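One structure, as structure tokens, below. Some questions next.
We call the chains A, B, C and D, going by the order they appear; numbering starts again at 1 in every chain.
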Amino acid sequence: MRNARWVVALALVVSMTVGMSGCGAQGTQGDSKTAEPIKLGAVLSLTGTYAALGTAEKQALELESARINKSGGIDGHPIELVIEDDATDEAKAVAAASKLIEQDEVVAILGATGTGQSMAIRGDVDRAQVPQISMAGGTAITQQFDANVFQTPWSNTIVVPFVLDAIKKSGVSQIALITDTGGYGKDGKPIIEASAAELGLKIVANETFNPGDTDMTAQLTKIRASGAKAVLLWTAGKEATTIMKNAQGLGMRDGATAVPFFGGSGQARLEFGEGSGDAAEGFTFGTGKSLVSTNWGPDSEEFKVVSDFAKRYEAAYGQAPDIFAGHAFDAFLIVVNALKAAGPDADGAAIRDAIEATNGLVGFAGTFTYSATDHNGLTTEDLSLYRFAGGMWEPAE
Amino acid sequence: MTLLKVKDVTRRFGGLVAVDSVSFEVHEGTIKALIGPNGAGKSTLFNTLTGFDRPDLGSVTFDGTELIGRAPRAVVRAGVARTFQNTQLFNQMTAVENVMVGAQAHQGRGFSAAALRLPRAMAEDAESGREAARLLRLIGIDEWSGTLGGDLPAGIRRLVEIARALATSPRLLLLDEPAAGLNATETAELISTLFRVRDSGITVLVVEHDMGLVMEVSDEIVVLDRGAKIAEGPPRIIQKDPAVIAAYLGEEEPDDE
Amino acid sequence: MSSRRARAIVIVISTLTIALLPLVVQDRFLLKIFTFVGLNALVVVGISLLFGYAGQVSLGHAGFVGLGAYTAAFLVARLDLPWLLAMVAAGLVTALGGMVLAVPSLRLKGHYLAMATLGFGELMTLGFKEADFVTGGVNGFSGVPFPSVGALVLDTPQQLYWLVWSVVGVALLLAGNIVASRPGRAMRALHGSELGAQASGVDVVGVKVRAFVLSATFAGLSGALYASIVGFISPSLFTTAASVTFLAMAVIGGSNSLAGPLLSVVLLTLLEYLDALVPGISRTTAEVIQAYQADIYGLAIIAVILFAPSGLAGMWRRTRSTV
Amino acid sequence: MAELLQFVIAGLKSGSIYALVALGFTIVYAATGAINFAQGEFYMLGGMLGVWFVSLGLPVPVAALCAVVSAAAAGALFELAAVRPIAGGDPLRIIIVTIGGSVVLRQLALHLFGPDELTLASFTPGPSIRLFGAAIERQTLWIWALTLVAVVGLVILYRRTAFGKAMRATSLRRDAARLVGIDARAMVTASFALAAGLGALAGLAVTPLTQTAFDVGAGIGVKGFSAAILGGLGNPIAAVGGGLVLGLLESLAAGYLDPIYKDAISLIVLLAVLFLRPQGLLGGSGKEKV
């Protein structure tokens, strides 16, 4: 008989679970009558490794949706932003996208913060026929083409030719390449190889390293011996700092044996400049013009968009927006622009079509023109060169 | 008839000769004791007899078949069961379950049969349960059958281990210090159990420090000292053997190795 | 007798609840969450056999999950094989993987075994990253179709839920039968004392290999199901961190039990989705739980080992014996 | 030739780091017969705490000392709170507890210091030393010097001091040590502290070259363990050898093969040694007594 109470307890737990689930279902259905808001979902890394990026993105999205709603929304329909945290974890990103699609029935998903998380949710996005606008920089996001997936940051496909062109213009014809075997470098490597061949640059050393490696002297020794006149470093990881320090140790950063180092968007990180110190002095990298907004020229529309956003953001949060906030700003802008064209009642597929029709939309990262084959939408026109001086970047020209 | 024949068994660890060319025989239906001061090599010899260790030299034949080189399970299935000086019970299992494990020594692994609840597996299980219960009764500890191994008093643990060994249906039972940790009453019960075991046709080889027990139960005694056999014979002879007395002189009553 | 009846009643009630849940819960997302619970449960049931019963630590099980996931994904999406065949193949491949790990591990005990399995798991993750032509590398493998048998495509959350929990049910049934009889005792004997098990004639090698193979197969099936339900897999899903999470679930659930680990999987997996389950929960609470989730696992396994070594199952047993 | 020399220098640099972490594994193993799965996290703590103490304005040597001592204290605390209460020192439970501990330490660092990498200045800035066409970073000299000091210090500690003799006695036989009046439990705590301190020293010395972050511990833990197992767990000097050999292997693989194999090497070494020769290649013995 003593077991009877356990049976009762279990029955209680069961009925509670079922009851709770029922309430959960009701809760999501209950409040759709009063207004007819347009539901936009966002999958952001608010915790975990990318927490800082995701938080900036969240702030930008909330700032912009409040602004749109204050000015009457889309044809009078307010935008309701539903933000889910993926904790910088792919499995959780999948669950988050699933919740947005199944429970909140959003018409578009902004995100995710990271490339891996962005890739992970495309299965759900495809199956639900909802457009996704990723704020992550990985080339694979739009390179492994998916009709429903768009991207706002500058992709390797434009940054690589831009940087290689700059190397060529500096009078170098023999370059060495060092890339990571994680996502960013592995993405970039084939693009660099193809692009270099096109530009007539010879890759005389082609080295790789693994995320987490603590010493790259061996690879740099081979690069030094290869006779390369410039080194292209393609990684977004913290190992970039180790490489610069090792290069300095090998005498490749100053004096007679100095070799210029180049990089891409992965080096637009304060931690890189700060960590490398004088080892990164003179390091040149290419990325979006918006990194320094005056790049655009004071009269340009881009400058106005970037500086207006910066002003609003600073007023709201007391700090200047970083590029991640900017990429989120763009994602939101692109969806709103498409909603205006497709109408507030448009379903996911219609919004997708409208996004693909985006043409000449000026945002934070540059001018977006999507097409049926290009879901990145930016061009080398939106890029600029930067150089490290005293641990911080400045425009190169 | 000779059931177990140990011939020239030698086991070295580095420079130390733990067992030095030891030979003796155990006759079927008898109780033989293996004694000697601490460090004499008794446990090492036990390990070499039961597949837990491999001697460097020598042979061990059981009923005509060679045991050296066989895994412990094969030794058990050949009909040689053992207990340990430090009891090796399964603490998270009840006494009866402990014994059931032994009762299944001659059955296969039975994963698939068990997973699918095949009638054969169920029948074997039920049979093992009955056999285990019978053995616990035989040893006189059936009131402990539902207690977890980890909760049993030390003396009972030894007896459960003996029951477990008996459950493998051995023809030869090797006991490593079965009386250690037992009080006088328990030791007396152990002695009568040993006789019952022998009378049921199972031969016994026992390592023991309790000389009273040794002298009472054993038909023959082998004495080891520093790895080598120094004497062998019936208890009355061994008690008076000068080499044995010399080996034990100066030795306190030993408790463990 | 009454204990056995109560057990039967609990099993019947839980089975009915799990089976009938999709009829009560209409929310498609909640059903997906419960499906994820089932996928985790499948892995943890296997680990419980291996760790909880046989006492063998594995820090590489996420590797088996990945092996199953990639095998199924590749066969279905790239070779266009029927889904059912791919499932069977995934099970076989992971079973083989389990054997490959088990055979050399037989000589290893405790921490040596733990490190070997950890190294094995890491090596597998490295393989998933580097074998681009099969796995799609770090960018992952996308476009895995939904499960289908002939013309029947299982694509609603209800169907997928039932699919996963049916597999879990079968796995639990098999595992339950095993632990309740001879091989179960052999595994527990191995856990209790390897020397004692050997001396009792237990086929230590055979039991270890089988426990490894069985648990690897369960993990592989879970991965294969995950791949076809979610449609996308990548190496970062199958890291040592995931292996540690699975092991933690098994530890918290308790040794020598299947019900305890099952309960622990349900509770710990649902904890991640608390905000979806409890409508009124505040955003910050949900985020705090998210941010401190790993802490919770870490502290929980320490606490369980120190204060309740038999986990949830042990607490249950103790409560029952003191009532 | 200069190239080979450069690879060797790089290998000995990483190898020294692995050696220090490996030493930590062997010290704890000697005292408890268990592997401390949290060992890598003390390497992480060393770097993190070093950065933090420097940011408080302490001069580098003082900050370094503070970091190593704090990490050692954390190691002792961890042993007292989580490992000591385990009855009978059941290895299975020690494994789980130290895994839990590694998760908690990593999360603690994440919550306290954030997810981004942190930087520490070189102990002595300046250009590299030239040697037959190869270059040696000044920080590398520091790494070597600190490793050497640690190893020599350890040898002296073990061979010459009463404390060391007690440690060795404990590792030989815990019950016997108790008989001669050694507090075996205190020795276990001391070994955790010592291991944590050595790990922290490694993490601290390497941070000026690599930066550090909350999640660097797990990777170095596997490498350090591979090194320890390569040398044979029972023997500290062999562990140092194992670390250096592993570092050299990795560096030569990165130099002459594809760096992809670099991570695979330590894993393959680990598995191969475990499967084929669990007692290690460089001697020592971990055979269980029946």
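For this structure, a couple of remarks:
Note that a contact is a pair of C-beta atoms (placed from the backbone, for glycine too) under 8 Å apart; a residue touches a chain by one contact, two chains touch by 3 or more.
Values in this document were obtained by computation on a predicted structure and should not be read as measured data.
Taking each chain's centre as the mean of its C-alpha atoms, the one that lies farthest from the centre of chain A is B. Put simply, the chain nearest the middle, going by average C-alpha positions, is C.
Taking each chain's centre as the mean of its C-alpha atoms, chain A lies 70 Å from chain B. Inter-chain spacing, taken between the CA centroids of chain C and chain D, is 33 Å. Taking each chain's centre as the mean of its C-alpha atoms, chain B lies 41 Å from chain C. Each chain gets one centre point, the mean of its Cα atoms, and the points for chain B and chain D are 45 Å apart.
Shared contact sites, meaning residues of chain B that touch two or more other chains, fall at 52.
Within chain A, residues 48, 51, 181 each touch two or more of the remaining chains. Across the assembly, chain D contributes residues 260, 263, 290 that each touch 2 or more other chains. Every residue of chain B that touches chain C in the complex is listed here, in rising order: 50-52, 71-73, 76-77, 81-84, 88-93, 97-98, 100-102, 104-107, 109-111, 114-117, 121-122, 124-125, 128, 149, 161, 164-165, 167-168.
Partner chain D is touched in their complex by these residues of chain C: 55, 57, 59, 104-105, 107-112, 114-116, 118-120, 122-123, 126, 130, 195, 240, 244, 247-248, 251, 291-292, 294-295, 297-302, 305-306, 309.
Within the complex formed with chain A, the residues of chain C that make contact are 2-3, 5-6, 9-10, 13-14, 17, 21, 24-30, 32-33, 36, 129-130, 137-140, 142-144, 155, 157, 230-232, 234, 236-237, 272-273, 276-279, 286-287, 290-291, 293, 320, 323. Touching chain B in their complex are the following residues of chain C: 174-175, 177-178, 180-186, 188-189, 191-193, 195-204, 206-207, 210, 214, 255-256. Looking at the complex, you find that chain A touches chain C at residues 1-7, 10-11, 14, 17-18, 20-25, 27-28, 46-48, 51, 85, 87, 90-92, 94-95, 98-99, 101-103, 115-116, 119-124, 126-127, 138, 140, 144, 146, 181-183, 186-187.
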